[in-house]
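There are two complexes below, and they share chain A, which is joined by chain B in the first and by chain C in the second.
The block that comes next holds the complex of A and B.
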């Protein structure tokens, strides 16, 4: 039977601010792209040195997940992320290391796929449930609502961490939410759009 | 040799993005992999690139790499004996 699904929590990250459930948790108007992710990591006292090895896209996904999954571990959490530019930001850096005439950097190369961020989250939170990454022209609330509902209603997962993690042209545009059976907001396309644009 | 060890630590911190470390945090006999600095297989590839780029050393035998990357002491001694630049 289909349940009335909810948005348990949500997180918005842009170049200068981080908002969780409508409350500002970090703001730095002077932060230059992509500095906010590192500054926030330090302020939030996250102890995960591998964060510094990640590319900007994975840092964005990782940090969003940290803020949403903190204190509510459920190993049956699926991850469904999306964006417009894939891993282009890192692809360009990888190309630069090739063009420089030196060896391409192995540590940059490993991030030349957008779904690496889902893997980083899964490793950190010991999640073995479904994870997927999709590329769309623009933020697609309908797809996120639909896909997460299917996963929960078909008992593939109990909750879904899903959203939009876009890094391109020196801009960070992150919106992630945790869909499940409890929460303040209905898992509704209009509400997802509204929270993303807030 | 002490200067080489310091240079090596600084280069490793930069190449491997070990932003939470300073050269002082790495003891000369600390294990670089496993329980020591906790480096992984991608870091090993970066170290191989670093040896070639900075010291002109090409490592081709994975088994010998394991021994060479044991600690800063071992790595510095190997570089000292085999560097071409």
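The block that comes next holds the complex of A and C.
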């Protein structure tokens, strides 16, 4: 029996602002890419030095998860992320070290996989759960709705931390929501689309 | 009653051959795809790798389209998927889904002297495959490190169970490039000889190139089919690049897949494991298999034949293992000599007949992710 699933909370991170459940939690019009992530880390008083080792994509995924999971959460929370350019931002950095004849850095290379951010979230919140990283031409609300519903309806997961984490040369485009059995909004494609575009 | 979801119409393209027959007979002859290569553009010293010959590839591809208009990986994926389509007897309809499993896609296009073609993004690679075969749904790229190929099978099954599509075509593939070679070399994880999974003398991975494709559908009667019985993925929540010392994620993934299949460890007849031949990965697997009470089950890693084909590995290896199940034959784990893990595993040392009804395939990857899938021999045929 398929339940009527809900969106419990959501957050939106762009170059200059962070909005959680429609409320602005951080804004800095002067912040240049990708500064906002560090500024927000400080303002939120997070104490997680590993954050500074992460690449921009992982920082974006990590911060979004921090904002949504800071209250209590179920340990069986799946992490399902997506974007358009995979880890291209960090791929270019690794390629530069090869091209310049320098010895490649293992600490850069490890971030040349887009799913590393799901691992960072899993470690931080001790989530030994389902993960997946998908890549689409554009934000795909239909697939995110479908896949997160499948995980909960098949009892593989209790909740799903689900979203879009895109980082390219000049822009951060992050949107994440926590899907589960309770919440204000229906887990519906049109609503996901609307919250992303808001 | 649960509805059966099947994997069928398997096709692989590897250095051991561009057809299933060539690959299976090479494995039975004990032939491996790994060779010593000298290419200073890729690595500053000779290296072992399992590489697809570009001339042969272009020759085969020219029967389909102009080889100059596509990248190496695109040609490998298109050739493989074309065979799956032909074998499946299915036509692409508006309800056909396409999953592309890859870690790095056209990563060689980042190199300075790469052709002037802008397909660096995984979504662009997906667009090329979609357009070539005229799929109508937006393609789904799964890029989940070294479990991508196997996880695609479980994602396919989930989409089918949910009636999200009529059928799912999966194509997986990755190439070897200066990008990946230098990265694993920097990690001190690249073997100076052909990789030796589970051996006492193993000292790292050997990279390989491959494409593999299948159809996931509710049709149990198509070529080379097996039922996808249960599947699960679990994160270790331990380290982004180091395997868990307790094998926690893999142990949980295996248990989840068995539970999903309504089977116990005593029902598993063969295991095709991940076995990358790094010190830590193989040890982690041994611990997980021990905890899952599976150390008695005949097990192999196919990395000794193909190297680590990263995003393609899980699907390529599942396909070969399903063939071994369907012909009731255990394939030896190439590169194995003296066991070098702390828990005794039943590593297959020679080609051998054995009735196989249930097969377990596992994969693990960076980011701490582990995937396990149980396949059952298709008895409805």
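The rule we apply is simple: the second predicted complex is superposed on the first by the 198 of 198 C-alpha atoms of A that agree within 3 Å, B and C clash if a C-alpha of one lies under 4 Å from a C-alpha of the other, contacts with A are read in each partner's own complex, and residues count from 1 in each chain.
The rule we apply is simple: a contact is a pair of C-beta atoms (placed from the backbone, for glycine too) under 8 Å apart; a residue touches a chain by one contact, two chains touch by 3 or more.
Note that the structure is a prediction, hence the values are computed from the model and not measured.
Look at A:102: by the touch rule set out above, it reaches chain B but stays clear of chain C. When the two structures are aligned on the shared chain, A:12 is found in touch with neither chain B nor chain C. Of the two partner chains placed by superposition, only chain C is touched by A:94; chain B is not.
In the superposed model, A:110 makes contact with both chain B and chain C.
Legend: residue contacts after superposition of the two complexes on their common chain; A:49 is shown touching chain B, with no touch to chain C.
Comparing chain C and chain B on the residues of chain A they touch gives the larger count to C.
Contacts of A:59 after superposition on the shared chain: neither chain B nor chain C is touched. The interface of chain A with chain B overlaps its interface with chain C at residues 103, 105-106, 110.
Residues of chain C that touch chain A in their complex: 103-105, 107, 110-112, 120-123, 126-127, 138, 140-145, 151, 155, 158-159, 161-162, 164, 178-179, 182-187, 232-241, 248-249, 252, 256, 365-369.
Residues of chain A that touch chain C in their complex: 79, 84-86, 88, 91-92, 94-95, 98-99, 103-106, 109-110, 112-116, 118-120, 122-123, 125-137, 140, 143, 146-147, 149-151, 153-154, 156. For chain A in complex with chain B, the touching residues are 38, 49, 52-53, 102-103, 105-107, 110.
For chain B in complex with chain A, the touching residues are 16-20, 38, 42-43, 45-46, 49, 52-53.
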